[in-house]
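The following pair of complexes shares a single chain, chain A, combined with chain B in the former and chain C in the latter.
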Partner chain A sequence: MPMNIAYLSQHQAIFLNTWHFFIFAVLAVSLLRAFCRGIVKRLIVSVLNLYFLFYFVGDGYSFAVLLGFVVLTYGIGEIRFRWETKLPGWVPFLLTVFCWGFLILAKNPNLVSPVNVFRLYPIRIVGISYMVFRCMHYMLDAAMIEKRRMGTLLNYVVFFPTLLAGPIERYENFQAYYEQDKLLDPESVLPALHRIANGVIKKFLIADTLASLQLCRPDRSAELLWIGMFLQLAILYWDFSGYCDIVIGLSRLFRMKLCENFNKPWLARNVQEFWERWHISLTSLIRDYCFNPISVMIVRRVKPARQFPLIVLAYFFTMMLIAFWHGTTMGFFWFGLIHGTMLVLSQCTKHYILPRLGASARTKWMDGLLWVTFRRVVTYAWISPTLLLWRWGPETTWEMLQTMIGMK
Partner chain B sequence: MKKAIPENLRVFLSLLFLVLKLWIIIHFIYQGQTSFIYQNF
Partner chain C sequence: MIHDDVQTIFRTIFRNPNLVITDDMDADDVEAWDSLSHINMIVEVERHFGISFRNSEIARLQCVGDLKALIQKKKPELA
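And then the complex of A and B:
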């Protein structure tokens, strides 16, 4: 099954709707509400994280590799903090490439198999993409982090509520909760319970029920495929945001406020806005550590007249990275290619066409309710078929599209 | 000027709404309408 959401969904299901997880969550909340300060709290968080990691996530070997990666991250952080001014400017770039390389090779052991060590020693850790990205965030920001502790970093990387599918919290936020005894959200029991209930309804009642109908399968009729295709994005939203609701609600119960991962993605008027509203913690991290450095380099080194095509290429490249973060199959490659092309078209429209319309025309047409609604519907309709690529790959997706338009 | 909803009433309504959500969840679980949950719980 292609990575990552379908794969993730399988595992989330195993974890979140078992009595074991329920009892674990109740115990965690009770302990962390009772002991919300000092070394006792840190000890409880550490024990809960280790238990969750061992029992729910991976085997001993995978855990050892992960621990090694965290130790390496800490070491790199120390070097960067102490000798930041003496290190060459390309070090952040090298670290970014290293993290991406590790992630892609670990997730796909058959990729460049002669030199890929994970082919012989595969690691099986659910949520590895999230953990590697937390490490990357620490490595790249270490020069600005005053208090760096190995224990805090380890607990940050494997923090159990966000371990499986994010959101990818920033280190400073976790540190504020873990070390500084800062109660980030003290009055939040009732809203938190509402959030968890909303999450359970969205994920287990709506998303799983609709997914169990399996409307979008290659052997379905054209009519069902059309309905299934347009439902896919909604199902994925209810599934993933429902999961995030449960996690955010659970964290609020022990007084930690996690960042939001979705901001009404159905209101997006173009692909760029969609990615600003969808899986925000991931896209903001990739924007900060991949897109922004490339853009700054272009602005500094290239003449203004030649900057736009290169910035557009940077958008495309960033989109390909987002696709590869989700998985390394051909389906994800085509997904990145299509979304990247849509981003390029969106930027070209902004750069070449909109300025020629004039301010009054833009206000009258582009911001009018009818036009905005049309753009939202078109964005949703454009993105929906690309999700078929995640699950079915390019060949089967093409066959399904042929069935839908009556060519088969 | 708009009158604010009294705090106690707000909390009561919120609790009521939460109970309703929990009832929906439990109802679905025991009815087995989401086969997924039904199999796992």
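And then the complex of A and C:
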């Protein structure tokens, strides 16, 4: 998630736990239960989305840029669908670079400032990373999407439950919901409400309470910093997964089944597994549209003996992209660098060391409960300090680490 | 034919000579099925069947059944 501060931004959090949001959600569910068919339903979804969007988009100019980007996405989708076989093979690559360029330049107007148009005309759109990625997914998949409608695309990009922090649903999943005319199965209501209640407890009771203690600040003592540092990942998990629980539960009340964003990340035995279990809708999108095309090209074109170093570089590059998606400050750069290096080490271990152990040794040692638990703890411990970089940047993080080990 | 050939490829790529594939099998069901072995498997399937997948087709593959259906679509004569 895009966080220049830790956890969800104040704007998002303030909105989610207000009566305003509660009334809005109840109204949305009631309206969509009463009018669940045809054009009336689509009209209601559109009005709800636009209301929510206007609340968060800062000004008319930002709104126009967003709308223009969606129209451009639709146009590119039409071109790709109609003339896919005649278009050069590098078009998907160009579109991917375009979307990443747009996102990074819009998020950081000071980056390459002489040529960055957003320096003169900055846009203020909460959740822009999610919207641009939905557009990128549509552009790249458009050649295979049979039913393409401008209205459906616009509502997909700005669907209000997922507008602020995902999950990043795939277009055709949204389309199946948006264009269906079915009532909610009564048996689904209780599980949906249960999911929302879980989310409220995780986000507002556990995560916000622990975050309010502010244990992990540069002015804290070494002892508090140690506790705070190791609590960060847990707080972030409760915060973000709690948010997703609310969104997924709310969407279930609209009869929409959103994808899951977390799969027990604390069970990850290495960094690669962590990213396969954390913010899955983002990492799977980056895997599908960035890592996979690069890796397929390498495996198709490069001799087997030379493939591994290049694939490892692809892993590193993908991790840098994940970091830059979250933010473009030096903190995120170092975060990507460290996680990318950890991914490289993980791949090298798999490639060079594990095959030499033999199958029986691997089963005995690598899959044993004690060793697996140790690896899980080490993975958690490795990732925890890197989160300091997100919030505090490299200099302050270094000072905090010095305090923790008694060098300051 | 497609099923048996895909199973042979899976056994080789995922280094499991006893692996039995099913249509609903996905990456969660096979220990060695990670992002890298997935790519190796895809390219091996391409080579074996003499076909080529687009990136958007690869992105849509969720399970073994999807892969078999895609091969079938590209090579209808194998039905």
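Everything below uses one rule, namely that the second predicted complex is superposed on the first by the 390 of 408 C-alpha atoms of A that agree within 3 Å, B and C clash if a C-alpha of one lies under 4 Å from a C-alpha of the other, contacts with A are read in each partner's own complex, and residues count from 1 in each chain.
Heads up, the rule we're going with is that contacts are C-beta pairs under 8 Å (C-beta built on N, C-alpha and C of every residue); 3 or more make two chains touch, one makes a residue touch a chain.
Here the structure is a predicted model, which means the values were calculated and not measured.
Shared-chain residue A:Asn198: touches chain B; no touch with chain C. Shared-chain residue A:Val299: touches chain C; no touch with chain B.
Contact with neither chain B nor chain C is seen for A:Tyr178 once the two complexes are overlaid on the shared chain. Once the two complexes are overlaid on the shared chain, A:Asp208 sits against chain B while remaining clear of chain C. Contacts of A:Gln272 after superposition on the shared chain: chain C is touched, whereas chain B is not.
Judged by the touch definition given at the top, the superposed model places A:Phe102 against neither chain B nor chain C.
Look at A:Tyr130: by the touch rule set out above, it reaches neither chain B nor chain C.
In the superposition on the C-alpha atoms of chain A, no part of chain A is touched by chain B in one complex and by chain C in the other. Within the complex formed with chain C, the chain A residues making contact are 92, 140-141, 143-144, 272, 276, 287-289, 291-293, 295-296, 299-300, 311, 347. Those residues of chain A that touch chain B in the complex are listed here as 13, 17-19, 190, 193-194, 197-198, 200-201, 204-205, 208-209, 212. Interface residues of chain B, counted against chain A in their complex, comprise 11, 14-15, 17-18, 21-22, 24-25, 28, 33-37, 40-41.
Across the interface of their complex, chain A is touched by residues 34-36, 38-40, 42-43, 46, 54-60 of chain C.
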